[in-house]
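Dropping the structures in below, format is structure tokens.
Two complexes, one shared chain (chain A), two partners (chain B, chain C).
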Partner chain A sequence: MPTFRAYADVQIGDVCPPTPARFAVTQAIADAFRAATLDDEPNPSAAPSMLAAVYLIQVLQSRGSPPGGVHAKQSVRFHRRLAVGDVLLTSGTVTDKFWRKERPYVVMAFETRDAQGALVASGVTTSIWGAAA
Partner chain B sequence: MSGAAPPVLRRVVTQAVIDAYAAASGDHNPIHVDPAFARSGPYGRTIAHGLMTLAFAGQMLNRWSDGRFDAEGEIEVAFVGPVFAGDEVEVFGELQGPADAPGLTLSVGCRVGTRVVLAGTARMPRA
Partner chain C sequence: MNGGICFEDLKIGDTASTGKTITEADILMFAAVSTDTNPVHINAEVAAASMFGERIAHGMLSAGLISAVLGTRLPGPGTVYLGQTLRFRAPVKIGDTVTATVEVTALDPAKKRATLRTVCTVAGKPVIEGEAVVMPPARA
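Coming up: the complex of A and B.
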């Protein structure tokens, strides 16, 4: 059973998860992502950069938002091409929280690095927090 | 890649597609996959994952740029409307800025019919 957090308990500066989330890019994961996103790219040799949507989920889920939250904004910058075999470490930090139109928002910056410490992707996620736990 | 705008990319989203994306991404938020839960939510029915719609935009940009978007691109979007099961999503882009700028900037969007569901900006190096 996941542990959910109330919006009031989210603090700017929170690091999610406490230690970076590890994600291994496999051919099976890349293929499943391509299939699920209806990607019929004829040359699927490299892993799609938007696989970020998968390894980022681990970080987003570690925040403890209750069910029902939705993505409001997303920025992502790719610093190099993703490859099958990459081992990625992603960490996020809450940089802002605010209410708008009676909806509770949380802003989190993330960085993804490879096993050598080189930056692979970075960006910012703005989410509407899920309903109260 | 030509100097023209990227060709429009179309994707039909069904509940089966949404469910497959949930399985592939690990995002099983019930607002996407549980019709009973979603009925009591703000949209009254399940919606597609925003990051799936973003992945469609990435596909268009990557094809148009011969892979440069995947290697060195960046994108910033707002999810301005929901995508429902049964929707056909059209992904479109338009070049912005001066022709001699050091990099390429595009306005990027997704629409369902006339309803815009994603809007933003993408950047990448020139070839």
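Coming up: the complex of A and C.
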């Protein structure tokens, strides 16, 4: 059973997860993402850049938000193309939290780096905290 | 199409779209690929009690359609994706047909970069709005 955190316990400056979340870009994953999004990119060794944003979910999950939280908005900057075989390491830092329309929001800045430490993607994501806690 | 549209051939107002009806299979597959098993996507009972009232698709599944239009149609193959903003306006439910549309709104000749308005709609209603910045393929 996962441990959930109450919104009140979220602090600006929290780093999630303590060790960057690791994700390997495999051919099967690139192909599945393309199939789901009607992407017929002719170069099979290239991977959709958007995958770097998709796997931000591992960082969001590590925060301990109860079920029911959702993305509100996101901005991402892609610093280089992704390729099958890349290993992505992503971490995030809480930069703001606020209430709007009686919903609790959390803002995180995130960075995704490759196994050599080079920046692959970065950005900011804003999400509504889950309501169960 | 083997190559994308070169920067020099792009015009403000150029547009392209693609559409897809979201199925339960899409959501389950995306949950597996993304590791996003949020119950609002895969658990009908939890989703029914949520603010959405039923299961919804992952926002990034619809956002992926934008990426596909940019990479395969406008500007197309050879495009370097530099950035994207996404504002999730409304949920996408099973059976909804999502249409992703991109439109060139600015061209920077010095940097050879294009800015495109990006929107995903369901029945004409925006569900995701944002903006993409890309570097289209260079003319050979």
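We adopt the following convention: the second predicted complex is superposed on the first by the 125 of 133 C-alpha atoms of A that agree within 3 Å, B and C clash if a C-alpha of one lies under 4 Å from a C-alpha of the other, contacts with A are read in each partner's own complex, and residues count from 1 in each chain.
In this section, a residue touches a chain if its C-beta (ideal position, glycine included) is under 8 Å from a C-beta of that chain, and two chains touch if they have at least 3 such contacts.
Being a predicted model, the structure only gives us computed values, none of them experimental.
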Request  = Could you tell me if A:V54 is touching chain B, chain C, both of them or neither one (first, second, both, neither)?
outcome  = both
Request  = Give one of first, second, both or neither to describe whether A:G85 is in contact with chain B, with chain C, with both, or with none.
outcome  = neither
Note = After superposition on chain A, the chain A residues reached by both chain B and chain C are 29, 32-33, 35-39, 41, 48-50, 53-54, 57-58, 61, 67-78, 81
Remark   = Given the complex, residues on chain B that touch chain A span 11-12, 17, 20-21, 23-27, 29-31, 37, 41, 47, 49-52, 54-56, 58-59, 62-63, 67, 69-79
Request  = Name, in rising order, each residue of chain A that touches chain C in their complex.
outcome  = 29, 32-43, 48-50, 53-55, 57-58, 61, 67-78, 81
Ask   = So in the complex, which bits of chain A are touching chain B?
value = 29, 32-33, 35-39, 41, 46, 48-50, 53-54, 56-58, 61, 67-82, 123, 130
Note = Touching chain A in the complex, chain C uses residues 2, 18, 20, 26, 29-30, 32-36, 38-40, 46, 50-51, 59-61, 63-68, 71-72, 77, 80-88
